[in-house]
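Going in written order, the chains are labelled A, B and C, and every chain counts its residues from 1.
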């Protein structure tokens, strides 16, 4: 057991502004093993790996490669230590071929000869069982092919340590199996592989050991052979935390939004919503759980009129007129003109929900500026609204004429949620409304959502913290890879049940 | 026939400054920088050469100049002048991440002003009665052509009758095309212009590539100015004489869909379009039609721009990060 | 290894930002002074007083300064809504020139049909239309096919210039190759002088336009939409703004204003048309607008700054027997410094915390 680890991290800490992304993390990776880094969204997995691959530089701590302390200041340094990372967002030049992307950045290869390089690419691909045309342009490739290019790029540079960030997030089950077969072959070849993931079944299937991170902190490392999914879930999500969220019993519920058979394909031709159906009722909070990128964003955007759908219907029951309206493929303006009072707190607060360079008053106007026939905007009411929100939600800001980008994350969110609630909606959708917020701000948001529920609003809450989802919501829809894998009663379910539904995949064609 | 030969000859001579300018701009744009300072840089390239040769001629007397020095001195001063312009642009847009359009336009204001200012001052020093500086002796050295050119008939006239800088322009464009498409440096450069974050992640020093190519591009473009004044204008500098050729060079970059090899032909074509009004007469239209003909290069460029944007062919698009500055920690 | 790295500043107090900007202008002025002293041998104080004298020395100079500011400001106002929307309209030169051409054509061909007041209105309207047409073409292609607007508008400039050249060739006065002052006797289509001050009306019109543009951008619903589209297209879609429509509408406004600039230059100052009627203001305006952070009122200051340096350095160059292009050099240097200063407002240079160890 005295084997020197391939990589050892000691007390790595990294902060971004006021948020601590990683705190005193210690970790080791051995030769010829597959290590999973497991953690929920925002637990600091990617940040940690970015420090090994030279994208970020740690504030404190040491990195040892084969027992020697090293400094990794750039991706090039990382390659020199035979470390290669495959990012979740591929770093490829679209108009280049696979080979051109693979040899990009290599200086010490002798004469530039793409044909020779292409042959070497083919050789590597054959060695590990990849299927790849070295001369295909990236823009003609599927996601899985692009991933192959990224992996070969790293192997081409002679990497012995491969880091894969959520490699299966974009793959079909069959592609995932193919990837795992390749990874196993690399492991047999003596390479160390780190997989960042939050899919438990995959962790169990592929890795030798698992290191768990939670909220930027290191929790522990276990061998896969000595653990099971529920033990890992507990490490990942922590002990069930008793949250003091006052959940009232829903009363006078009525079907407000009936979503049926939604299908949506993204630009990469991947099905992001697959026959999604559920009903949101007035006077209850409907939670939507799922790992990141399971279709939550597309679902909410489809309802808000920002996403074109291939099929399905979104029926809105208007409580005033008792008319039914189909919102599918309508623009936001058309939806509003139908008398639908829909509010939406998007995930991207400063990139979509608010304009960072505008002050609070002007951000209030985003929703209301069209009102009235005048050619001019009326800032009186928005200003009053801004002041009201600042006071009621205790927004910390010098004044209502401060650009919102200067506020802290929690205050930005209060402004956004405050505005969306102010238009007295009948449907309120909130995507990750407490992400990055401190405890007090988070509770404030929970209370606001509860108030809306009691007022009879149909609240749709997309969350990532299972404790919160279970304590706050009435029912929870669980999404996995764009499909609904279950709709559970939040009062009766457990974290484990939801966690397993989140990672459940429909095995089309079954395992090999 | 002789008229056609003469037309092609003139078209090539018009095309050479454009080719220098567009080759320089293609390299710059490939690194992701839209340098609207090219017209100014070409002015500076021209006047810096003029300054060098002016003082050399003053010093030794126009009759006694050494042909080699008479060429090499303006060549070096011209390159130095445009290099400094390139450095100013790089410092502002790469190091200080300033807006490229504003910086480029300011550079053009500055460069054109610089050219006309020193041109005017030299005219004053030379005590010339005309509003121009004449450097015929130096120009003669620049215009040395191959001795056998005229003995080869039409072919000789069409292919070999130009001065050395014209061949330099073509060779430079060919080399630039080769480097861009067939060397590792070219691959890295294109990656920087397409997707600097990817290039950065691949270990390419993005800022160094931007600096080096933009500066080389400036020097090449500056040579276009030098060719214009020393060869095309027979060594006569007059203020504003260079005109809007710099913008035409920017247009050729689009027309040539960012390929130096196509730029060679495009430059000659544009050179021809630029002077075609001298050679055609449409019945029923007088001399004024010339002005409409002068519109052609720009119109043709627009059409190419529109068609490429409609066809969405990935290879014919401008470099993807053109005009954007890069900061690694932007997330 | 370099011992520093660059980080984005979160915020800088507005007064600090302005101190940086003013400091950069002073630094630029200092460099200009050094250049001038080097070229003329005069002492810097003398140079400066000459500049002030060149700009404010006589009543005529003050009027010429004001007229220069007004015209530059007018074109700058025109490009501002487009820039605020992040649409790089560098075609103001061509748009204004087409406006000027329309005015000149009206003066030449229909000059005797209407009373002068009606004539002026007709001219203004046709000029605005001409400018708007020239501006909306690239906007349509941008909105529909995302055609690069910087290159498109740039090309449109030269097409406009050739158009004007053609016009001049056809209607040149005698064999002069240019068009002489139009209607020199009847003054048809000339903006009237107020109280004997021929530029006063120009200046008043531009001031009114400045106020209107300020109000439009700051208080109108359309101005608000422009700001949202410019800041974040995603947000614009989120709240249901039709982005292509806003792009086209805003460029029409930009073109209308360019048309007015052309009209004022032809009808209110030159009374003729030439290739150089706009005199590069279409390009300088971009710098004016950008330096003022797209605020029309601040643009009065920035265009004053540029015109002052221009007029002042022309005076210096005349007195010292230098070429008039001297002023372009000075303008260029000043702008370089202001552009450069933005970096220090937006970024911060920090020393690396960790010592680099020798391994």
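In this text, contacts are C-beta pairs under 8 Å (C-beta built on N, C-alpha and C of every residue); 3 or more make two chains touch, one makes a residue touch a chain.
Here the structure is a predicted model, which is why all the values come from computation and not from measurement.
Visitor: Please categorise the chain-chain contact pattern as a line, ring, star, complete graph or other.
Guide: Shape of the chain contacts: complete, all pairs touching.
Visitor: From the Cα centroids, identify the chain that ends up most central relative to all protein Cα atoms.
Guide: C
Visitor: Quick one: subunit B and subunit C, Cα centre-to-centre, how many Å?
Guide: It comes to 27 Å between the two C-alpha centres.
Visitor: From the C-alpha centre of subunit A to that of subunit B, how far is it in Å?
Guide: Roughly 49 Å separates the two chain centres.
Visitor: I'd like the Å distance between the centres of subunit A and subunit C, where a centre is the mean of that chain's Cα atoms.
Guide: Those two chain centres are 46 Å apart.
Visitor: List, in ascending order, every residue of subunit A touching at least 2 other chains.
Guide: none
Visitor: Please name which positions on subunit A make contact with subunit B in the complex.
Guide: Its residues touching subunit B are 55, 74-76, 79, 87, 91-96, 100, 103-107, 109, 112, 137, 139.
Visitor: Taking the touch rule as given, give the residues of subunit B at its contact with subunit A in the complex, in rising order.
Guide: Residues 182-184, 187-188, 190-191, 194-195, 197-204, 314-315, 317, 320 of subunit B touch subunit A in their complex.
Visitor: Under the definition above, what is the set of subunit C residues touching subunit B in their complex?
Guide: 6-8, 88, 90, 141, 145-148, 150-152, 154-159, 161-163, 165-166, 168-170, 280, 283-284, 286-287, 290, 321-329, 331-333, 335-336, 339-340, 342-343, 346-347
Visitor: Looking at the complex, which residues from subunit A come into contact with subunit C?
Guide: Spelled out, the residues of subunit A in touch with subunit C are 17, 57, 59, 70-71, 73, 304-306, 331-333, 336, 344, 346, 348, 351-358, 362, 365-367, 369-370, 374-377, 379, 406.
Visitor: Could you list, by residue number, the parts of subunit C that touch subunit A in their complex?
Guide: Answer in residue numbers: 1, 10-11, 215, 219-224, 227-228, 231-232, 234-235, 237-240, 242, 353-354, 356-357, 359.
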